[in-house]
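The letters A, B, C and D name the chains in turn, as written, and every chain counts its residues from 1.
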């Protein structure tokens, strides 16, 4: 799996800060944006954005998007990934791209057992040969691909805005997500943190953001569940 | 492939007519809805909805949704299907459901050639055996499934509103769509037409709705392309 | 303000239960739906849905939608309402509907002070007269309406699925929401509870659903904030 | 009205070209993006994007977004604007920002008639005074604003991706759109064309993009309607 940041919105922090301040200010968006872009406002912008995130005022985060190129991931992963509907995708098509250029993903659990790993590799070779035999016999690529396994790699370009990224990280950095998409989520988060360390400070799985777990009896136990925390506080103050 | 209508919004035509008339009427939505629900307004409602669709005033169509149960389709199909983002999905999970309950889809192009069909079936059996061997050796289902081919069947519940359905039909009933999702689209359309013949009258591929093709040099030729039609009309009236 | 349930998806609970079980079952969607529709499964369905909601597994809730007719609300309210983007709207148009059919909303804070109430009513009459004078002098309705105040009433048809409704209630039933849209949210919730008491059991403001407040230093104090609750638990278990 | 481009995605054309080519290429997204970013590929990229748009293959256009600051527009306009749901908004709030900082929009039809213009201005002054009297008497801003007219100006930050922008232009540059939002749409289009002349070449109202009108009997007559064009071609080729 290889994850590359292909592009992102310019002037990330000053744009988010300007959008958020527009809600509460009599000044024009242009005046506010100029102010927010001044070098000596940088630190304050970052503190302000941190406060926004803490308060759950997330809509200004939508104005900034990141575009990633994701290469060499399984079709199992991309099928999960594209279920996130507030995002844009351009994926390598098995209807148009020939299968002999594909590679395969091997799960760690299989890699660790040599005999299974060998059987697994051999089977993948067979699937490739089966695919090629079908194409050689005049079957269209779009039908021959029915023999290609989930392990077959795909490439995909993904654009998400920061609000959606935070949500994506909250569910896919969690230990309950499958290992492959979790690996992707953490790689995307690492890249985001390099671009804007403050904006993505404290991001990750839901529990890392909120300091409690909402997975109930499926919890990995890293953080207490909300039920555990609230048990002492059950009665409302009023 | 089996497609079942699981549910839909009640009082389809009177609801759409009431929503559309709300835009242009001083009456309350309750008064309008009561009027629209009268038996003797049925025919007029249907004509009115037809006019809405002709004028491209499609937003009132969003108030009505259809929910389909789709069984026994390939994972290739579901991967295409869930790319339609204005819809809701609940899909059988390969992480939780054991693989020996799966079946396989065979494309017509393969079915037609006996020797390929035999090799194809044999390969699918091997993939099933490989999957079971992995599970028997302690590999989690979510990893064992990496050997499952695209042909593996899946079940999925889909809800789309009528506006999105019209769009879905326009792209997926087209001959350029892959045969399997095209078959699904036509089955869904047949069901919709049984529920509301007038609402879905004339629906189908883009060309069947608009009487011209927009696929350019990929056109199947059933209808002329817009370029062909417009060539005589190129200069604006004014 | 008058809120009317115009329509909703048929067989609410059995549909949601069937969609959710599809994810974990080798059975077809049709078989599952038939089972879920049996009378003697009703109680179990409701418990199952309750568990789904507790675990935050909310996507099956999207398959069911409710359509409301909302009459006699201010344009301030509708401007806030249509910011909820995962919903469908058909609103009475000030470009097409003549203004002398409009009424006005009076906030409680103004109603309570007789002298202000009188001045307010008088001003609204003036705005109506100004509107009518403009139209009488040949100004198109779409321009004459520039003098109409936010208090002018509007009618709107709204469709939301249950997942979005739960979100809508969580932010708009909160005391921090403006009184008018809060009144609307509670009326919609009352109606939903009449249709499906179990499905909407415990719904309301975020705090009523989650037993803590996330409004930070803007909290009304009914429930403790998460920070207050977590202060004793700050260190992760692991 | 003042429209400012606050930000946009970096490397517009090479990003769109790379996303689109990913669908059809065995190369990795990283390799494709590097190729697309080469200076001597610029011209070819632009031709390629033009072809994409002609074929209606619009999804790669979603990877690029533009963020505009819009100042001094009426609340009528913003109420129309936020109905476009595939976009992100941060709007100046009448609940938090004090009304004496607001200005008013005057429609051209009123400006042209001196006596109406005077009455209109006087009325707007009265509404402002009424607002201030309410606030001075302890009415919260969120309630005092019920007297503010649609003409009251607002500032708003808007982000749309290129696919949504093309749709926005197609409906809002049309002569059937209200003059104020049409003025906004044309200003946004001018700015887009300055940033990427080729990407936005030929954009505008639906008719300017498609060379026919779909407004039926509401058509302004600039282009023939589709019915007019198709009348000679009614029978399908096959």
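Heads up, the rule we're going with is that a contact is a pair of C-beta atoms (placed from the backbone, for glycine too) under 8 Å apart; a residue touches a chain by one contact, two chains touch by 3 or more.
Just so you know, these numbers come straight off a predicted model, no measurement behind them.
**Q** Fewest touch steps from chain A to chain D?
**A** 1
**Q** On a C-alpha centroid basis, what's the spacing between chain C and chain D, in Å?
**A** Distance between chain centres, rounded to whole Å: 27 Å.
**Q** Residues of chain C that touch two or more other chains: which are they?
**A** 89
**Q** Based on which chains are in contact, what kind of graph results: line, ring, star, complete or other?
**A** Drawn as a graph, the chains make a fully connected set, so complete.
**Q** Could you pull out which chain B residues touch chain C in their complex?
**A** 2, 4, 6-11, 15, 18-20, 22-30, 32-33, 59-60, 62-63, 65, 67, 69-72, 88-93, 96-98, 101, 155-157, 159, 161
**Q** Across the complex, what residues on chain A touch chain B?
**A** Chain A reaches chain B through residues 74-76, 78-79, 82-83, 85-86, 89, 94-95, 104-107, 109-110, 113, 116, 119-120, 123-124, 126-127, 130, 133-134, 137, 139-140, 142-143, 145-151, 178.
**Q** Of all residues in chain A, which touch chain C in the complex?
**A** Chain A reaches chain C through residues 54-56, 210-212, 214-216, 218, 221-224, 226, 229-230, 233-234, 236-238.
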